[in-house]
Amino acid sequence: MATTTSAPLLTLAGIRKEFPGVVALAGVNFELLPGEVHALVGENGAGKSTMIKIISGLYRPDAGEMAVGGEVAEFRSPADSIARRIKVVYQELDLVPDMSVAENVFLGGYPKTPRGLVDWAALNSRTESLLAELGLDIDPGTPVGELRVAEQQLVEIARALSQQAQIVIMDEPTSALSPGEVDRLFAVIEQLQQRGVGIIYVSHKLDEIFRIADRVTVFRDGQLVTTTPIAETSIQQLVTWMVGRELSDLYPKSPAVIGEPLLRVSNVSGPGIYDLSLTVHAGEVVGIFGLMGAGINSVGRVIFGASPRTAGQVTLAGQEVGAGSPGDAMEKGLALLTENRKEDGLVLPLSVKNNMTLASLRKFATFGWLWPRQEIKESADYVNRLSIKTPSLRQQVRFLSGGNQQKVLMARWMMRDPKVLLLTEPTRGIDVGSKAEIYRLIDEMAHRGLGILFMSTEIPEILGIADRILVMREGRIVAAFGRNEATQERLVAAAASDLNDAIVEAG
Amino acid sequence: MSAEISTPARSVGASGQSSLQDFLRRLFGSQEGVLFLIVAVLWLYLMSRSDVFFTQRNIGVMLSQVSMIAITGFGMTMLMIAREVDLSVGSMQAFAGVTAMQALNESHSLIVGLLAALAVGAIVGAINAGATLGLKISSFIVTLAMMQIVRGLAYTSTNAAVQNEHKLASFKKVFNGAFIENPVRIPNPVLTMVIIFIIFGLILSRTTFGRSIYAIGGNPEAAALSGIPVNRIKAICFIITGMLAALSAFMLIARMNSGQNNAGFGFELQVIGSVLLGGASLAGGKGTLVGTLLAAVLLGTVNNGIVLLGYNSNWQTAVVGLMILTAVFLDTMRRRMTGQS
Amino acid sequence: AQDSSPTAAEMEGDAMVRSMDPSALPDGWTLPEKVGHVTNYLVHEWYQNLTKGEQARADEWGISFSINDANLDLETSLAAVDDLVSQGVDVLNFTPVNEEASGPKITEVAATGLPIICESSPTAGCTTLVSIDDYAAGFKVGVWAGNYVNENLGGQAVVLDVGLPALTTTVARSTGFWDGLVSVLGDNATLAQSVDGQGLKDQAVTVSADALTAHPDVNVIFGINDDSALGGMQSYEAAGLDMDALLVVGFGCEGNACKDALAEGSPYKVSAAMFPEYQGRLLIDAGIVAFNGVELPPHLIAPSTPITADNLGDFYTLEDGAYSANFDAIAQISVEGES
Amino acid sequence: MSSVFASPQENGWQKWKAVWARNEALSLLVLLAGVIALFMVIEPTMRKSSVYWDLLRQVSPTMVAAVGITLLLLSGEFDLTVGSMLALTGIVIVDTFNRTDNMWLGILAGLLTGLVIGAINGTFVTVIGMESLMTTLGMMFAIRGLVYVYTNQTPIVDQNRFTQFTRLWFKNFGPVPSPIIVALVLVALAYFLATRTEFGRNTYAIGGNANAARVSGINVRRVKFTLFVISGLMASVAGLLYTAQTDTGYFNAGLGFELEVLAAVVLGGASLAGGQGNVTSTALAVLIIGTIGKGMRLMSIDTTQQLLVIGIVMLIAVYYHRIRKQTAARLTQEAYAARQAARGNVLA
C-alpha cells in the first residue's frame, strides 16, 4: 500500500489543454506516489485520456507544469516520457499486429549486439522471462495479432516491465477482460505496486476501483473535482462527484408489460454459436450473459444476418427472417447495435445527423430523393430526447465522446421504429451517467412495446435491466433465470460451470 | 425516471453567429474555400496581365478544356468517396474514342456513336467493379492493370487514328469547341459539364444513393450493417465513372475530329489529381463535386494562363506541380489551425 | 545538317541504294538473313506505314524482318537493341527515342561490326541515316506557303506554330518553315506564338485553342506533323473563325487524314510529304548495301516535296479508300542540295 | 518451446502449405522459374545465357528504385517522384560533368540530388504534415517541369564523353554486368537494414501501426524522413545507372517509371497500406516483369499486346497473392485455435 510520506513520482500543476472549441483540461493538479494505485474517474469526455496523453508526451499542455521524481519534465514526444520510465497502456491497445510478441515488447528499444544490430536471441529470451514473470505461456515469436485481447494487454504490461517503468498508466484496461482475466491483471498490478511502481488507473467500473485503488481522483468537464483516499468514499459519492448531481437510480426498471412473442429464434447455429433457441416478447428485456468469448457477440450478428446462419430459423412477429441479409432483417423490424462502435457502427467522417439517419434514409426520401427538412427535424428531436451532447447536428461524429457516440447509434436504430432491438454490450467504455441514460432508454423502449435482446458481459447491468436472463457458454445457452431468481453468484456459476451440468431449457 | 446530464445539450440547428461570419468560416474552413481563393487570386492576376483572359471566348475555351477532366472527375469523385479508384480512365479516352468513331463511321448516326462510347465505358466500368468486388483485389491495382489492358485494346482495335469518315454535320456541333451556336450561348462542352455537375451534385448531396456513398467510404462495415447494399453501390459508381470517362472521350473525338488511339496519356493523373486536390482522399468518405470542379478549373486556368501570357510551355508541367503543392500545403495548414488533423 | 560532305565512294553507295532491284542482286553479294527495326512509336501512322514499306521490301528480297517498338520509352528502346542483337540480326534498323541518349549504346553495338541503319534522327554509331532533310523540307513548304499567302491571303501571314521542341528534327521543321516563309514574305510574316503540341492531336487541339484566343488574327497554322496541323485546324474551326482566311501547313502526310484534307479542299493546303512507304524501302535497301561492305554517306536523304491537292494524284493512287504510293514518281523527286 | 507454425495438427502436407502460404518470395521464385521455362520453350533466343546477362543489366535501375520505394512503403508512405528523379539526376550529373569537367563531382552531384529531393519530400510529409501521395504527385510534376524549363527539352550531352562513366553501365566483370552488382549490393543493404537493424524493425512497426510506434517512443517522423531520403537516394542511384547507359541528361527519362516501379512493388506482395512486404520479393518481382517484357520483345510481340499481357499477369498475380495471404491467415487461425485448445485459457 501507498506510503504517503515518500516524495511523489509525478506531479502535475495547473495543467491546461484546449482543443478547438473544447477545453479538455482546465488547470489540473495531480500527484502520484510510489507504490500507489491512483484511480482516475469521470464521465466520458471529462479529460482523463487527455491528461494521460500529456503525461505520455503525446500532447503538450497549453499551460501548467509537470514534474517527474521532483524534476521538471517537459515532454516533446513519447520517447521523452519513456526515457523517464513512464509506460502507458492505452484504452485502444497499441500493438503492431503483424509483429511478434517479442518485437512488440521491446518496440522502440530493442536489445542490440555490440555492433548495433538487433540481438534476436536476447530479444526472445528476455521476452520469455518477462512473460514468465507475468505467468503468460506464449511463444515470443507469435504474432501479436493472434493473441486474445487479455493476452495483448499483458504484452503491454510486459512492455512496462521491459522498460522498468516507474510509472504505469492504464486507461480502461479491463473493458475487454473476463473476470478471471481481471483477477490476473490485478495480481500483476499488486506485483508492480510492491516494487514501488506508481499506477494511474482509469476505469468506468467503479467496483474495480474499490478493489485496487488507494486513492481516487474525480474529473468533471476538464476540472479536477477532488482527490481522496478510496477508504473515505463510496460508489454513490463518486458517482455524485462525476455527474455533478445525485444519481438516485442507475437501473430505472419499470414493471414490464409482457406482450405477444415477437422474435423467435429456433435452433440457430452460426460462427461461434450452436443450436440457439430463444423468444423475445413485446415489452420484454431479455438479457444474455456470458463471459468474454462465450459467443454473446455472435448472437446478435447471426440473428441479424451480419454473420452467416448455418442452421435454424428466425421469425419476427410470425414472418421469417432470411439468413445472412441485414437488409431483410431490417425490413422485418430488427435492429442491431454492434459491439464495436468504431469498427462497425459509426461512420466517423460523417455528421451526427447523417450517422443517425443512415439506416432509415428511405423514410426521408421519395424515390431516393431526400427531404432534408424532415431529416433535420427528426435528428434534432433525437438529439434532444437522448440528451446527446453535440455542438450541432453537423458535427462530425468522431469528435463526440464515447457515450454520446453510443447514443447516436441508439438513435440510428430507434429511428427505424424496430420491433425488436438487439443490443450488444451497449455500455462498454461508457461512463456511469451515460449508462444510466442508456438504461433509461432501454426501459422506455420496452415500455413502448419493443422487444429487447440485451447481450452483456457485465452482471450488474444484466441484473439491473433484464426481465429474463439467459446464460451463454461456449456458444450455447446453458441456463435461464427469471428476474427474481437471478443473482450474481448463480450467473457466474452457470457461465463458468462445466458443460456436463444440467442445461436449463432456454426461451 | 429521467436523468439529466450535467451540461444540458445545446439546442441544435440554430447557429449563434451572423451569417457573414458563418459564411467566412465555411469559406476558409474547407478545401473548397482554399481552392476558391487560389482560383480567385489567379483570375485577378491573369485579368490584370492579359486583356484576353476574361473574355467570353477565352473563358469558354478554357472551360471547354476543363470540361473533360471535370466530367470524368465527377465520376471519380463518387468512386473515391466510396473508397475506390479508377486508373483506367486515361486509356478509356483512347479506347472509347476510337470505338465511338468507328461506330459513327459505320452507322452514320450520332446516337449510335455516343451509345457505343457509353457502352464501352459501362462495360469497362463493370469489369473494374467485377474484378475489384468479386475477386476482392484493391481497385488501385485492378485498374492499374486495366489501364494497360484498355490501352492495349485501343491499339489492337485500330493501328492508326480513326478518321472522321461519316462527315456528320451534327457531330461537329455537339461537343466541338467553344462557340457553336446554341440557345444559351454557353459552349456545349461547358453546358454538358454544368448539367452533369448539377445532376451528380444533387445525387451526391440529396439522395439516399449519395448518402450511401459517403457512408460506404466512411465505414463500409457500418454501412452494410445499416442495410446499405455496399457492393451494388460501389459497382454503380464504377460504371458511372466508366461512362463519364467515355462521355469525355466522345467529347474529345468531337474536338479532334478523329479517334486517336494514343489519346489520354496521363489523363488519369490529371483527373485523380483534380479529385484529390478538390478535397477527396484515397481513404474515402469525403470529397465534393464543387471541390473537384474548382480543382479542375484551377489546373485549367494555369495551363490557359501560361499560354496566354506567352510563357514557355515548359512551365506548364512545373506550375501544375507547384499548384498541387500549394493547395496541399494550404489545406494542411488550414486543418492544423482548425484542429482537424 | 551538320554532316560533312560525303566522299565519292560514299556517293556511289548512295546511288547504289537508290537503284537496288530485287530481281538483280549485284554479283558476289549476299543478302542479310534477318533485319530488325527498333521503332520508337509504332502506334503512330508514320511508323505503321514505314514498317509496312520495310516489310514489303523485305518480302520482295526474301529477307526476314521483325519489329520491336519502344513506345517512346528510352530504356525499352535500348533494351530492344540488345534483344535484336541477341536474336542475331544481320542489319539493325533503328529509330531513336532520343538520338543523343542512344549514342553510347549504338556506338557500342556498332563496334561489333553490325550495320546500323538509322531513321529519322542522326545517332552516333549509325552506319547511315535514312531520312528527309527536315530543314530543307520545311523550307520548301515555307516558300510554298509564302506564295500562297501572297496570292490568296493578302500577303500578310500571322503564324501559329504547333511545334515539338523536344526533338531536333521537329525543331528543324519549324525553323525551316519559318525561314522559307520569311524568304518570300519578309517582314509581312509574323510569328504569333509557338506552342508545344507534343506531336499528339489531343495536346495540339488543347494548346492551340488557348493560343488562338490570345491571337485570333492567326491566318497560318504550321504543324510539325499531320496531327499537330490538323489539331490546330480543328481548334481554329471550333473557335468559329473564318475558315476561308486560313492556311494550314502540315508535315509528313503519312496518313489518310492529310490526304483526305488536301483532296477535300479544306484550309489544309500543303504538307511536306515524307513518303513513309518509300523510306521503308530505302531502309531495307541501305541495309543490304551496308551489309555487303559498301561505304555509305552519313546521311542518305529521303525525298520530300510539298504535296498539295494538285500533285497528290502524282504520288498516291486512291483505290477503295486506300492510298498506294507511286514509288517511281517519288524516286524522281530531287534531293539535290539537301544535306 | 513450441512455435505456432508447428502446432500439433499440422501434418507434412499442412506444413508445406504453410511454407507456401507464408513465403511470398518462394512463390515469386517459382513464378520466375516458370516464366523463364515457358519462354525457353517457345522462344529459342531465350535459351542463350547472354540474354539473361542483358536482362540483369537492364532491370538494375528499376530494381534499385523499387527497393527504395519498398522500404518507404513499409512505413506506409508513398513516393511518386522516382520517374522525374531519373530525369533530374541525369540532367544534374551531365550538366555538372560539362561545367566542372570532373566525373566524380558529377556523380556526387547526382547522388546529392536524390538526397535533397528526398529531404524535401520528407520535410513536406513529416514536418509540415502533408499527405505523401498528393505531395509527391505535386513534386513529380514540379521536378519534371523544372527539368523541361532548365533544359528547354534538349538533351544535355556529356561533352567529355567520360568512358569511365559509361563503363558503370557497359562494363562486365566476367559475364556479370556492373549495374546489377550495384543493384544487388543495394538490395542486400536494404535487406539487412530492414531485417537486422532497429531502424528497419521500426519501419515495419510504423507501417503496421503508426500509433503503436509513436507511443513506444519511436520517432516516427525521423524514421519516415530518413526513409524519404533513402528512397530519394535510391532513385538517384537508379538515375545514375540509367544515365551511364546514355551518357546524356534526357529530360523525358523515366516517364511513367513510377507506375512501372509500383507494379513491381505490388507484384512483390507489398501492401499499399504499409507494414507488409520485403525487398527480396520486390527484387524478384522486378526480374519477373523484366523477363516477361524481354521474352515478349524477343518474340516480337506488339507493344500493344505486351500491355495487355502485363495487365493480365498483374491481375492474376495480385489475385494469387490474395489467396495466398488468405490461406496464411486461415492457417494461423487454425494453429491458434489448436494452441488454445491444447493449452486451455491461459488466464482463467
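Note that the chains are named A, B, C and D in the order they appear, and that numbering of residues resets to 1 at the start of each chain.
Quick note on the criterion: contacts are C-beta pairs under 8 Å (C-beta built on N, C-alpha and C of every residue); 3 or more make two chains touch, one makes a residue touch a chain.
Predicted, not measured: the structure shown is a model, and the values here were computed from it.
The fewest steps needed to get from chain B to chain C, moving only between touching chains, is 1.
Here the spacing of chain A and chain D, counted between their Cα centres, is 42 Å. Separating the CA-averaged centres of chain A and chain C is a span of 74 Å. A straight line joining the Cα centres of chain C and chain D is 39 Å long.
Each chain gets a centre from the mean of its Cα atoms; for chain B and chain D, those two points are 31 Å apart. Residue positions of chain B touching 2 or more other chains, listed in rising order: 155, 314.
For chain D, residues touching at least two other chains, in rising order: 152-153, 302-304.
For chain A, residues touching at least two other chains: there are none.
Touching chain pairs in this entry, ordered by label, are A-B, A-D, B-C, B-D, C-D. The part of chain D that touches chain C in the complex is made up of residues 45, 48, 50-51, 54, 58, 61, 152-155, 157, 166, 169-170, 242, 245-248, 250-253, 255-256, 293-294, 297-298, 300, 302-304. By the touch criterion given at the top, residues 19-21, 43, 220-221, 243-245, 247-249, 252, 304, 306, 326-327, 330-331, 336, 338, 343-350, 354, 357-359, 361-362, 365, 368-370, 372, 376, 380, 383-384, 387-393, 412, 433-434, 436-437, 440 of chain A touch chain B in their complex.
Chain A makes touch with chain D in their complex at residues 56, 58, 77-79, 81-83, 88, 90, 92, 94-99, 103-104, 107-110, 112, 116-118, 128, 136-139, 141-143, 146, 148, 150-151, 154, 159, 178, 180-181, 184.
Chain C meets chain D in the complex at residues 42-43, 66-76, 78-80, 82-83, 86-88, 97-98, 100-105, 108, 165-166, 168, 196. Residues 124, 128-131, 133-135, 137-146, 148-149, 152-153, 259, 262-263, 266, 272, 302-308, 310-312, 314-315, 318-319, 322 of chain D are the ones that touch chain B when the two sit in their complex.
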